[in-house]
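Presented below is the structure to which this report refers.
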Amino acid sequence: MPSPANPDFESRTRASFSRQGIMELIGATLDRVEPGRVEISLAFRPELSQQHGFFHAGVISTIADSAGGYAGFTLFPAEAGVLTVEFKLHLLAAADGERAIAVGEVIRSGRTLTVCRLDAWVEKAGRRTHCATGTQTLMTLVGRAGVKD
Amino acid sequence: MPSPANPDFESRTRASFSRQGIMELIGATLDRVEPGRVEISLAFRPELSQQHGFFHAGVISTIADSAGGYAGFTLFPAEAGVLTVEFKLHLLAAADGERAIAVGEVIRSGRTLTVCRLDAWVEKAGRRTHCATGTQTLMTLVGRAGVKD
Amino acid sequence: MPSPANPDFESRTRASFSRQGIMELIGATLDRVEPGRVEISLAFRPELSQQHGFFHAGVISTIADSAGGYAGFTLFPAEAGVLTVEFKLHLLAAADGERAIAVGEVIRSGRTLTVCRLDAWVEKAGRRTHCATGTQTLMTLVGRAGVKD
Amino acid sequence: MPSPANPDFESRTRASFSRQGIMELIGATLDRVEPGRVEISLAFRPELSQQHGFFHAGVISTIADSAGGYAGFTLFPAEAGVLTVEFKLHLLAAADGERAIAVGEVIRSGRTLTVCRLDAWVEKAGRRTHCATGTQTLMTLVGRAGVKD
């Protein structure tokens, strides 16, 4: 894993996360910020459910996409912004749990493009189930007016 | 497009949608339910944003995943449930708008698996921008205890 | 669809295609080159098969990837090269046919990234079956030593 | 990893691989067959190239798709066939090497669907480069006339 280009990577990441209104709405927290690896989690509430009462795949996608995006962002130069180009997610098991945890990890870090692996788990009665896995392409945005995160 | 196996497809779809807690939380509405095609939309609120103040990709994914899932569901036999196996989404443009619209359309409808195309647009000052496109695999669940949608 | 930046797009595309050794090995031909849309086809031979005697998914991927790559390439400036960033393909039906046809079409053409839709069909006894669909991200390479296609 | 349902998994896998005509055409060999993990490799020849003289992404896809398909197949019951439902591949680096190696590994093994991770490397002058990564969905085919691999 390359070292972060910006020693301030954690505070920049936390500041950007705090500007994502959706994270507050769904109750997600930014649990770990390491170079090239970020973890976000979320407690279950009926307001986050699909029709069977489990976490909706879109909610899992929301925290997985941000986990990957910020994993890439930790390695970006200061002043660069991050953009998701595309992502794919396999839903491996019903997201039936009291809590969901998403981890994004950088697989390849390039000047323009970054590729991350995305994974998510649900916890129920102390047992973790791997409920989603996938991959994501990010783009580093440099010199776009007003885009710094 | 195959005809719906179940003449009741619209009311079954609407009933299932109303059980997705996340749709109420984000304010999404089920605008159109046709055989093999479903449309869901959503007004912008700061609570749905990513760090630049646009719709978060996860929110777009949430309505796109449900649009595709229900597009497939309209063609399922009564008593069958639907499960997203995987999906991929390209974020084609910043989701900067007052409203987001997601459309799911069945490309291939099989006994066990269904493939859908997912698309999303944002509207701003009367202009539509195609902000996301992708594809999705769904599974028909038959005879799973308690899973009927 | 944006107009080609380079009036010479067809001859540049055909010249590049002729340098892809794999196309000759599998017997693929570049049938149509239009701005933002390219078609490649292939006759069946047992040497192209998977274990059931149909076209191998990798062979379909090979012509679909090149069709999409060259669809993007038709819109690139002269001297720019093309690189596949990622692609996803759904295998919708057994690729059982005498001929396979792949079409790549540009969905979004950007300065750095291009997104294409990929589709493939097989023909058997005069009937076409849609056997694959998917999407692809391409990158425009400018100013890389020796990369001009 | 679940144990193979069929003690004969290696010979069944090797027999099926030998029926894939494309593997002989491109010169691929089935190097390792373990429960839930398969490795396929390939020497470079100009006939396998894209326009810059590297392995074509479609060739990498061909061995990656078969590696994943057979990784899943090792865990299938006897008499069951395997089908690729979809796959996605990121091209992480130019596939510039004397040899390419693809590995498929089962992430989740279900009754109907299996999810694999796909990876590929190129070797050049003794150095390995990770040139592709992705994921794949497979389907277990049971009781389809004539489909036993």
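Letters are used for the chains, namely A, B, C and D, taken in the order the chains are written, and counting of residues starts over at 1 for each.
Everything below uses one rule, namely that contacts are C-beta pairs under 8 Å (C-beta built on N, C-alpha and C of every residue); 3 or more make two chains touch, one makes a residue touch a chain.
Note that the structure is a prediction, hence the values are computed from the model and not measured.
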Intersection of the contact lists for subunit A and subunit D: B, C
Which of B-C and B-D has more C-beta contact pairs: B-C
Distance from the mean Cα position of subunit B to that of subunit A, given in whole angstrom: 22
Centre-to-centre distance between subunit D and subunit B (centres being mean Cα positions), rounded to whole Å: 32
CA centroid of subunit B to CA centroid of subunit C, Å: 29
Overlap residues in subunit C, where contacts from two or more other chains coincide: 85-86, 88, 90, 115, 134-135, 137
Touching residues (chain side subunit C, partner subunit D) in the complex: 16-17, 19-22, 24-26, 45-52, 56-59, 61-66, 81, 83-91, 134, 146-147, 149
Subunit A partner contacts - residues on subunit C that touch it in the complex: 85-86, 88, 112-113, 115, 135, 137, 139
Interface residues, subunit A side, partner subunit D - complex: 88, 90, 92-93, 107-108, 115, 117, 130, 133-135, 137
